[in-house]
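The two complexes that follow have subunit A in common; it is paired with subunit B in the first and with subunit C in the second.
Up next is the complex of A and B:
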């Protein structure tokens, strides 16, 4: 397997094993200790901060699932990107100050990755459809009222 | 087409259409039926006129918008661009009157390039973050 195939596989595992299955050993295997996870509203510094986010989101969103396919993944030696679909069967606790709606949610998003020379993730920048998310959990009004 | 050629087409499209808004060049870079799947908008942006309207709305609200390609990755027939677009909010946007504030809109877009022309784009722009910066 060459580096590009390996990076594609690692991006697939990033979503399948970390986000959809909550496997923290995969975080240690695939991510550099100084891994940066950058969202529109947060910048998480380090692998442990990222693990806490995954644990927290998987607690708040039941059956949290991220789906991507090799067709949705673009990689080179040191960079990659993926288009994905996220779904949950129930928003069951407060997220971004929005109390549990108990609603199912489905949104799309993309992530832009950087790898180091050893093939570990050093950075992931996420753009997802937060407005659609907020609409689905009854949080959109807060944006304009806050 | 090589990866470098595909990236060059995307860069040329961004410069001519999204930055300079010279829509006379739209057919030079896009295939018939080109559409943008914009996750935040219920219906895809299809064709020249729809995109032109979107860009006029955006530059109307942020006249000095500086749309920049800050990173890019390509494989096969796909090119992904990471954009940053700082600008000054001078006129209404998303129901918010002009605030005079500087804000930066960020986005990731995956382009599908076939025979030197863009056929599809899947776009995720941080509308939520942009609106938050205006409040």
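Up next is the complex of A and C:
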């Protein structure tokens, strides 16, 4: 397996094993200790902070699932990008300042990755459809009312 | 002979720089049935052809005539090109159907392109619309994640 195939496989595992299955050993295997996870509204510094986010989101969103396929992934030696579809059957606790809506949610997004020379993730930068998420969990109404 | 990934990226950089920074949507860099799949700003359907691309660019350039595209990252392999970017401009025309705010706005997004025969055949985009609405003061910024 060459580096590009390996990077593609690691991105697939990032979504399948970490986000969809909650496997924290995969975080340790694939991510550099100084891994940076960057969203439009937050910047998580380090592998442990990322693990906490995954645990929290998997608690708040029941049956959280991220789907991507090799066709949705573009990689080079040190970079990668993947399109994904996220779904959850129930938003069951407060996310940001929006209380449980008990609604199912489905959004699309894209994540840009950077790899170090050893093939570990050093950075994941997420561009997701937060406005659609907010609409689906009644968050826009909540924000207007706050 | 098919374009290399580097050549594909150069076509995309030329197309998007020219479109966003000058308003000239170059049909010669699109396939005849090119599709823009993005639904930003309330766009409801994607018709094949240059018109769909002109609609999105025209809408934002009308709202922000001095809009400027900055490329933040580029990844390209085989027939795909992916860009991460930011757009900055002064809201003098009204963004997404709202009254002009007069504010300078910056928003980020990503674009994925599928190339065919050296031209742009399909485009998908993700845009931080919530961040844009927060800058406009339509939606207050919520607390962190």
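Everything below uses one rule, namely that the second predicted complex is superposed on the first by the 141 of 146 C-alpha atoms of A that agree within 3 Å, B and C clash if a C-alpha of one lies under 4 Å from a C-alpha of the other, contacts with A are read in each partner's own complex, and residues count from 1 in each chain.
What we mean here is this: contacts are C-beta pairs under 8 Å (C-beta built on N, C-alpha and C of every residue); 3 or more make two chains touch, one makes a residue touch a chain.
Note that the coordinates shown come from a computational prediction; the quantities given were computed from them, not determined experimentally.
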item	value
Clash or fit (per the criteria above) of subunit B with subunit C on subunit A	clash
Which of subunit B and subunit C A:112 touches, first, second, both or neither	both
First (subunit B), second (subunit C), both or neither touched by A:97	second
Contacts of A:4 with subunit B and subunit C, given as first, second, both or neither	both
First, second, both or neither for A:53, with subunit B first and subunit C second	second
Subunit B versus subunit C as contact partner of A:86, first or second or both or neither	neither
Touching partner for A:18 - first (subunit B), second (subunit C), both, neither	neither
Which of subunit B and subunit C A:42 touches, first, second, both or neither	second
Subunit B/subunit C common contact set on subunit A	4, 40-41, 74-76, 79-81, 83, 108-110, 112, 125, 127-131, 134, 143-144, 146
Residues on subunit B engaged by subunit A in the complex (per definition of touch)	39-40, 71, 73-76, 78-80, 82, 95, 106-110, 122, 124-129, 131-132, 135
Subunit C-touching residues of subunit A, taken from the complex the two chains share	4, 39-42, 44, 53, 74-76, 79-81, 83, 96-98, 108-110, 112, 125, 127-131, 134, 139-140, 143-144, 146
In the complex with subunit B, residue positions of subunit A that touch it	4, 40-41, 72, 74-76, 79-81, 83, 107-112, 125, 127-132, 134, 143-144, 146
For the subunit C and subunit A complex, residues of the former touching the latter	73, 75-78, 80, 82, 84, 108-110, 112, 124, 126-131, 133, 139-145
